[in-house]
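Here it is, the structure, as structure tokens.
First chain written, first letter: the chains are A, B and C, and each begins at residue 1.
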Amino acid sequence: MNDHRLFTALDLAGTFAFAISGAVAARNRGLDWFGVIVIAFTVACGGGVLRDLCLGAVPPAGLTDWRYLAVAMAAALMTIVASKLVVRLEHPVTLFDSLGLGLFAVTGAQKAMIFDHNAELAILLGVATAVGGGVMRDLLLNRVPVILRREIYASAALVAAAIEVAGERLGWTSSGRTWVALAACFTLRYLSLRYKWNLPRSSRHDGNGAD
Amino acid sequence: MNDHRLFTALDLAGTFAFAISGAVAARNRGLDWFGVIVIAFTVACGGGVLRDLCLGAVPPAGLTDWRYLAVAMAAALMTIVASKLVVRLEHPVTLFDSLGLGLFAVTGAQKAMIFDHNAELAILLGVATAVGGGVMRDLLLNRVPVILRREIYASAALVAAAIEVAGERLGWTSSGRTWVALAACFTLRYLSLRYKWNLPRSSRHDGNGAD
Amino acid sequence: MNDHRLFTALDLAGTFAFAISGAVAARNRGLDWFGVIVIAFTVACGGGVLRDLCLGAVPPAGLTDWRYLAVAMAAALMTIVASKLVVRLEHPVTLFDSLGLGLFAVTGAQKAMIFDHNAELAILLGVATAVGGGVMRDLLLNRVPVILRREIYASAALVAAAIEVAGERLGWTSSGRTWVALAACFTLRYLSLRYKWNLPRSSRHDGNGAD
């Protein structure tokens, strides 16, 4: 299997893991079947849609490639009919979620660079591709996006996107910089989960305070 | 009155019904006049704006055609100054809301097909046109979108968009497939309201659970 | 200093004031450092990004010009490490926020007119540029947008955008209509804060009612 096919496989596995995170959250809020599918699809494709709108790459790829919709629906149905299985799959899902996070950040940054845009946009859209769907999930489920509150998640995506952009400027090969970015993102994410790292809070207030 | 003019009239009547649903919800949350107008306009045009952004059809039609803004403002003002009348109009508003739902799904799918895109995108954007404004209303009013929680609403729009797309592939006339799609959407919506149908919930948790 | 350079300086000062409002709100909700930076940047650039997407002016200027990101990060860091200083700066921040509000409304309307669009779109996008970022801040912080509930804020932006568009139709010079629009918006905003003006509420219900 060459690198390109491996990245395609990883992309779909990451999409599946993202969709599972959406479906589980939607199920925990008691949404109906339609709601679970919508949230699963939103987490899987929302970030990419946001990126494509900002690049003018319309219609967004996530809305026209049936594989993403199929993967999201499979994740949603599995969560609805086999929730115990999904609980048992927690570890592989976390694994592919972390790989998907890095890969989405890399592909987001790549797409911006293919359109010949500057490094700032490439990094911003890399991060947006990786975390945009999760933010939309949290907005739809009526809660403050988890990436703004705790954990090293968006920061790991930021590291991946920055490595991708820096690698391109330094003349690394496409595969080479993708592997380095994936490894860095995955390691950072793994260590932060393992040792419960968080970014510092900006104040002592709790996250549910009134406005 | 030929079909085209009838559909234009239905489009504006549907827009009015959508705007009423936004204005009533905004009023119930105690927003100020500006807020009521914004929410009314958002429900009326939000789905179409989303669709046009995804198609690259900018600027979005809903923001440049003064009739939509005028209809939304009329609905908002009526809700503010004559709320008792609006309550009495509940039945006709529900009627036109159901017709608008089907028509928006059909026109959304049509516009994607005019731009020569595939069936998946046409169906997704048909549904997004029909329910996108309502989702934005619920986001702005800080609640989980009602279409993700209960009722046969988005599903009825999905049926209408799917009929429109399938009809086009089968070579039906434009008017013919629009009528079939409208009738199917309306019947499904009417029956679901009459018999209080809901999609199955994905779990026993209640919709207000914590994250 | 000629008018153009003065407006550029005002634009950055307004961006800074907008970012401060985001950073303070994010800090009060106990977000982590990343969250504070994201919300600050969102308030500063969100409205302009929305405008640019609706105009097809991609990639959005706010995402490619490093000065906006730098100003937003400076505001976020200042809020985190020197929150007492930010409290003492409340008055100048309110001053520049009001000036930024008017200037963003004017530049949003101008950009729509440069793309040769009609008056309705120019006014709508002027208001969206001015208040869109604040609405996104409130959505991310999980509350009903403050502009829909109270205060003369969006209305002041509306006045500025309308003056800009009317002035252009009446043949006023670009600098002339910008000054009039800024002065009107600032005066309206100042008086409304001074005398605690609000738009009328649409009902007696309180803003926290259930749906």
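The rule we apply is simple: a residue touches a chain if its C-beta (ideal position, glycine included) is under 8 Å from a C-beta of that chain, and two chains touch if they have at least 3 such contacts.
Since this is a predicted model, take the numbers as computed values, not measurements.
S.K.: Superposing the C-alpha atoms of chain A on chain C takes a rotation of how many degrees, nearest 5?
M.R.: To bring chain A onto chain C, one rotates by 120 degrees.
S.K.: Since chain B and chain C are copies that touch, is their contact same (over half of the numbers shared) or different (under half)?
M.R.: Counting shared over all numbers used gives less than one half: different.
S.K.: Counting in whole Å, what is the centre-to-centre distance of chain B and chain C, each centre being its mean C-alpha position?
M.R.: Once rounded, the distance between the two centres reads 30 Å.
S.K.: Among the residues of chain A, which ones contact at least 2 other chains?
M.R.: Chain A, residues with two or more chain partners: 53, 56, 139, 142-143.
S.K.: Which part of chain C faces chain B closely enough to touch in the complex?
M.R.: 53-56, 112, 115, 117-118, 120-121, 124-125, 135, 139, 142-145, 147-150, 154-155, 198-207, 209, 211
S.K.: Using the touch definition from the top, list the residues of chain B that touch chain C in their complex.
M.R.: 25-36, 38-39, 49, 53, 56, 58-60, 63-64, 66, 69, 79-80, 83, 138-143, 146
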